[in-house]
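Should a chain be cited, it is by its letter among A, B, C, D, E and F, assigned in written order, with residues numbered from 1 in that chain.
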Amino acid sequence: MDKLLDLWLASGIYNVTPGQVFMILIGLLLLFLAIRKNFEPLLLVPIGFGGIMANIPEAGLAMSAVENAIHLGGPEMLQTLSAALNINSADPAVVTHAYHAADAATHTAAVYAANDHGFNNGMLYNFYTVAIASGAAPLLIFMGVGAMTDFGPLLANPKTLFLGAAAQFGIFATVIGAVSLTTLGIMDFTIQDAAAIGIIGGADGPTAIYVASLLAPDLLGAIAVAAYSYMALVPMIQPPIMRALTTEAERKIAMVQLRHISKAEKIMFPIVLLILVALLLPDAAPLLGMFCFGNLMRECGVVDRLSDTAQNALINIVTIFLGLSVGSKLSADKFLDLQTLGILLLGVIAFGIGTACGVLMAKVMNKMAGGNSINPLIGSAGVSAVPMAARVSNKLGLEANSQNFLLMHAMGPNVAGVIGSAVAAGVMIKFVG
Amino acid sequence: MDNLMSEGLSLMVFGMGFVFVFLTLLVFATGFMSKLVTKFAPEAKPQPAKPQPAVAAAASPGNDELVAVMTAAVHQFRKH
Amino acid sequence: MDKLLDLWLASGIYNVTPGQVFMILIGLLLLFLAIRKNFEPLLLVPIGFGGIMANIPEAGLAMSAVENAIHLGGPEMLQTLSAALNINSADPAVVTHAYHAADAATHTAAVYAANDHGFNNGMLYNFYTVAIASGAAPLLIFMGVGAMTDFGPLLANPKTLFLGAAAQFGIFATVIGAVSLTTLGIMDFTIQDAAAIGIIGGADGPTAIYVASLLAPDLLGAIAVAAYSYMALVPMIQPPIMRALTTEAERKIAMVQLRHISKAEKIMFPIVLLILVALLLPDAAPLLGMFCFGNLMRECGVVDRLSDTAQNALINIVTIFLGLSVGSKLSADKFLDLQTLGILLLGVIAFGIGTACGVLMAKVMNKMAGGNSINPLIGSAGVSAVPMAARVSNKLGLEANSQNFLLMHAMGPNVAGVIGSAVAAGVMIKFVG
Amino acid sequence: MDNLMSEGLSLMVFGMGFVFVFLTLLVFATGFMSKLVTKFAPEAKPQPAKPQPAVAAAASPGNDELVAVMTAAVHQFRKH
Amino acid sequence: MDKLLDLWLASGIYNVTPGQVFMILIGLLLLFLAIRKNFEPLLLVPIGFGGIMANIPEAGLAMSAVENAIHLGGPEMLQTLSAALNINSADPAVVTHAYHAADAATHTAAVYAANDHGFNNGMLYNFYTVAIASGAAPLLIFMGVGAMTDFGPLLANPKTLFLGAAAQFGIFATVIGAVSLTTLGIMDFTIQDAAAIGIIGGADGPTAIYVASLLAPDLLGAIAVAAYSYMALVPMIQPPIMRALTTEAERKIAMVQLRHISKAEKIMFPIVLLILVALLLPDAAPLLGMFCFGNLMRECGVVDRLSDTAQNALINIVTIFLGLSVGSKLSADKFLDLQTLGILLLGVIAFGIGTACGVLMAKVMNKMAGGNSINPLIGSAGVSAVPMAARVSNKLGLEANSQNFLLMHAMGPNVAGVIGSAVAAGVMIKFVG
Amino acid sequence: MDNLMSEGLSLMVFGMGFVFVFLTLLVFATGFMSKLVTKFAPEAKPQPAKPQPAVAAAASPGNDELVAVMTAAVHQFRKH
């Protein structure tokens, strides 16, 4: 009968907390959005599922060995840990705090103590360590995205880079928003938190995850979920803003056909970009370096088998682990917080401001050039969210003029937005990292 | 608090400024590169370097194209 | 001439032990069974080859840095290690024992001492650490298996889950067998060993490896070899038992055609299963969580590229490393033991009992339902061994009635057996882990 | 020794018991889920969502099917 | 304005050293050779790109956490590190030296100190650690190469193994060359360096990287670049030597058609080779073991999905990481050295001597056999450089006799050369490792 | 210095020697193995075990071959 009691006392039903129930429901909601509403399913299916697994009571899948020891080890274990951490209290909260604040050597001592008592890292915690804490997964995704990106439209019309620059204003406006909420006493964000939240406005998943893992790992779950959700919502967020800021006549502007781009130009572009990064902003080198590397593999034409693998097997494998790892950050104690609401709110504002600035920049460029060479609808594509935002530009263009195919023209600012937000990420890592 | 706000503002000013400076330089560098390439390494003619164009013809029902497509597909397939 | 002598003294011929010769022959036997007899070749080819490599004299491929230092380092190294391990003896056996019994900090000190003298982990030892000791490889295989599994037949006839449950009796009967052999003084198994051996009866490779890596890592080699060998032998082990326990009339029972299962049901099933695991048995969460995740990727229809990768590139890569890592446990000193014979004997008994219980359960269910809705031949498929056991059911069904295609009906208990043994694994990890 | 045996026995009893309880609950949960799904989200008609059915027709010697098969194969191939 | 100054002071333009500029140009040269001249692009594209990234000023992508802390941490950090390393100086050069010379425990203390101050390993440093320092990447490439290798031509004419043996003389002659340069006071190579340089003459990339990572990690960049570059230059290096050492009549020798090789022979060959390695040279076991394993997967016919993955997804993934990791060793301070020139010079000599010895061996074998059964042109293929060297043999054969197809005959010594250099690698690791 | 040279020379002598000994043994072992295999496990006839030979016929324009090729390609494709 003891065993029966043990089973019951260790069961999920007995131990589940309201927070875990809520987070499991959030996980189910993400799965629903991904599967039925087609919200960025490649990421949100693993994130949602990982989120559910992270909240299975007593399984500790998202917890480190020490966290599991604190939770399950009882008073003696806590005593041992508090000795290893050089503190006087065996209170779980105090021990947890000391563990997170410990220097590397003390941290190791605590890990050893937990291991000696048979506690191990949860599966998702290991995935997170290997995939995200090391920085590897977002960079490899970026390499794969580089290998999938065609810079032709951008090279045919390099001025569209300005649209990609302008749309990054959403990032920095959001930083101000987060800082203001803190100054007003409504939320409590550090400047690092604010920067990581701002990057949601970059509309670029791997960049957001990379920056958040460096600047605000505790907020990573909410930031990644917000970034991918809003990217999926681009067809709903952007059109009203685009319509409000443009006239019917502007939306009807037809753009001249893009010139043919030679193979040599496409090969040279990632190299030029890499050298510019090397000269100006070394902190953006990991992100943009891997992006350029992927693109060079694509365009150089002599390593097709590597490029294929980067675009398929490798990016798929990394996506699975990245998604599950992000999901591991959706544990109740980290996600269920007023801050998460703030992040979700600020994120959508960031998207809106980025969209608006892209459109306005296009209008300014038309003014300055004294012509009508740019349809402002392609400005919104500068937020990135490749290729969704470009498709939105195309759709609105066709509504205004059924012969006006803007897709290729919008791909220029669209990929420029990827570069722009990686540059913005580099600046932030440099200044507040 | 004020300190945080001023940090945020300076991050915005320098961040946006840097993004613009960087992308402006990229516009020039790209334009310059394109000119150099067009001048010194002009493309003879845009050739279909890979078998994809042939593959794209797959929908056409002619038998010869079909054979070509097959060969290309199997060929590419084997490379994997 | 010194060099020539060195070469000779370091050569395999000079150093080979009878145990190593024997184990290399075992490795060759496994290769023969895999290649010529088609015994689960995907696993037994890497396991057999890994087993041969693990027994190459002096190469130390399956040994850790410290083990290599003990074996090759000479008296001075042993002295250094005994100091690091805080013992007084420099006897290799004593040092080895102290190394395996050391706590984490002492263990690290010994590793540092070995590294400082230029000794490193063997290649297979590293593979084992990354693939199996971390728990990752069996879980990823399970994810791939989930992505390959069609739960349609099970959903069409959920009662067949009972057959999958009954067949797990083989697992627990084997535990009793192992415990009895110890009580009788014939063998010397701990309760952990007994549990790990029992799981062979689950007829599921990754589950067996996962449980053995947690409960009895020293027996892992023998357990994995037994599990995969007996799975390959299912067409020989099961039929006599199935014939003995059924009448000709029973074997002729035709089953009603399975109803069509909608896509939505297939999507919901892994989620329902995951939630049940979360509520009842958190210890089964890693195994069944990854299994459900793989199956959800398969069925949801929006992440086909991830599902494809999980079923192909990823599972193949993991299989290579898993197989070689299991092979690393086939070293003479661990495998050549009376215990191995005990494991092989108990394993086949487990299969037999599982088969019998599945068949008998089907007969009981017919009795209780007062009808003849279930052909007892599909009960044996409840041991899992997907899809071999289901094919055996089909074959015997056709022998009795040439129009009686049981394959699809047997797939229900077959995949139920996978779930059943993962649940049994969770219970064991919970109680004796 | 007796202790070991009693541990083994209790593992058997609780283990088998739990497996049955779990799978019984799964039978009910699955049945309940199927009912809910059939009630609230009935399938319009089972559509062939993927090109495999077309591919399965590959053995048929007609030329049109061949083209369809090719296209499907090449298409799927490219996705990889 | 502070921030602006910070940006400028941290920018690449401000910090770039002439050495870094030079190394970036080397990286661009490698990319040019790979993309335009088709020099082993699968490796040289990642190596060249990795080399550029490794030399991005201030980014520290190829540096460890401690190296980054030394470079960027300022006086206080240096003080902390010198305390951790138990030295009295806070001079960067002294600290760096002490860090590299530290034993494992002290090394860990320094790493902890760097981590505590927020310094982390660069991305490429991590890649190097996982891919090369662990030994995994070259071994997995070798497994893939094994899975791509057809030993049929070798089995049809096993005597061609002697050609593969003779061509390894290039390796050992180069060792003597390196040793002589040191004895003459021109260079400063240890015997380990000399051995690692010699292996360039093996004309086999993964073997060279594996040996260099064990014997001379500092020279790894130059050795790998030399090995792959000369392999690409085989069509230019070999023909003059081959023509000089053969008569027109010899070049016209037609060889008898190769006999058919049964599947069983092909399956048995990797096993025979593995057992021979096990008996004679355990130090070659990792390299040749993985090679034989790949080849067995290929030939056994029952694990085609594993063989496919080993030849495609897995080898491609590993190649990407291997190339970037090798590139990480192209940092200015390690590559820009008189030694690199010595390595490049010795490498080409090694290729030349290997080629000559292969050709001469073929002539000797003809003499000893008293016939004309071997066309000496296939001797040069014994250096390996698969399949380039065999193609060169074929080309020269066709020049002399337009009906003389030597390709298949040359594949025998070609793959024999792979085995030969792996054996030579094992001997070197045994004697100087 | 002299020591280094002598180390190099002995490495050369023993290295080359060992390479030759090893490959000579491999020649004999391989020959022996081939004889054993030919004696005890002769191949009935060299069968085309895999679909590749059929695939190689892809260039031939006949319709039947085409179908065979397709089937083989799709089959192999699916295995991936």
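Here is the rule we go by: contacts are C-beta pairs under 8 Å (C-beta built on N, C-alpha and C of every residue); 3 or more make two chains touch, one makes a residue touch a chain.
Note that the structure is a prediction, hence the values are computed from the model and not measured.
Student: In terms of C-beta pairs in contact, which of B-E and C-D ranks higher?
Tutor: When C-D is set beside B-E, the one with more contacts is C-D.
Student: Could you work out which chain's C-alpha centre is the most distant one from the centre of chain D?
Tutor: Chain E.
Student: Examine where the copies chain A and chain E touch and state whether the two sides share over half of their residue numbers (same) or under half (different).
Tutor: Homomeric contact, different residues on each side for the most part.
Student: Starting from the Cα centroid of chain B, hunt down the chain whose centroid lies farthest away.
Tutor: C
Student: Could you give the separation in Å between the centres of chain E and chain F, each centre being the mean of its C-alpha atoms?
Tutor: Roughly 23 Å, centre to centre.
Student: Distance from the CA centroid of chain B to that of chain C, rounded to the nearest Å?
Tutor: Here chain B and chain C have centroids separated by 47 Å.
Student: What whole-Å value do you get for the distance between chain A and chain D if each is reduced to the mean of its CA atoms?
Tutor: One centre to the other, that is 32 Å.
Student: Roughly how far is chain B from chain F, centre to centre by C-alpha average, rounded to an integer in Å?
Tutor: Centre-to-centre distance between chain B and chain F: 40 Å.
Student: For chain A, jot down the residues that touch at least 2 other chains.
Tutor: As it turns out, chain A has residues touching two or more other chains at 3, 7, 280-281, 301, 305, 308, 312-313, 427, 431.
Student: Which chain D residues sit where two or more other chains touch them?
Tutor: Answer for chain D, listing residues that touch two or more other chains: 14, 18, 63, 66, 70, 73, 77, 80.
Student: In their shared complex, at which residues does chain E touch chain F?
Tutor: Result: residues 154-155, 158-159, 161-162, 164-165, 168-169, 171-173, 175-176, 178-180, 182-183, 190-191, 194-195, 260, 262-265, 268-269, 272-273, 276, 280-281, 301, 304-305, 308, 416, 419-420, 423-424, 427-428, 431-432 of chain E touch chain F.
Student: Taking the complex as given, what residues does chain C use to touch chain A?
Tutor: Answer in residue numbers: 103-105, 108, 134-136, 139, 267, 271, 274-275, 277-283, 285-286, 289-290, 292-293, 296-297, 300-303, 305-306, 308-310, 313-314, 427, 430-431.
Student: Using the touch rule from the top, collect the residues of chain F that touch chain E in their complex.
Tutor: 1-2, 4-5, 7-9, 11-12, 14-16, 18-27, 29-31, 33-34, 37-38, 41-43, 46, 49, 79-80
Student: Can you check the complex and tell me which residues of chain E touch chain A?
Tutor: The touching residues are 3, 6-7, 10-13, 16, 24, 28, 31, 34-35, 38, 41-42, 45-46, 49, 52-53, 55-59, 61, 109, 111-113, 115-116, 123, 126, 312-313, 316-317, 319-320, 324.
Student: Hey, which residues of chain E end up touching chain B in the complex?
Tutor: 3-4, 7, 308, 312
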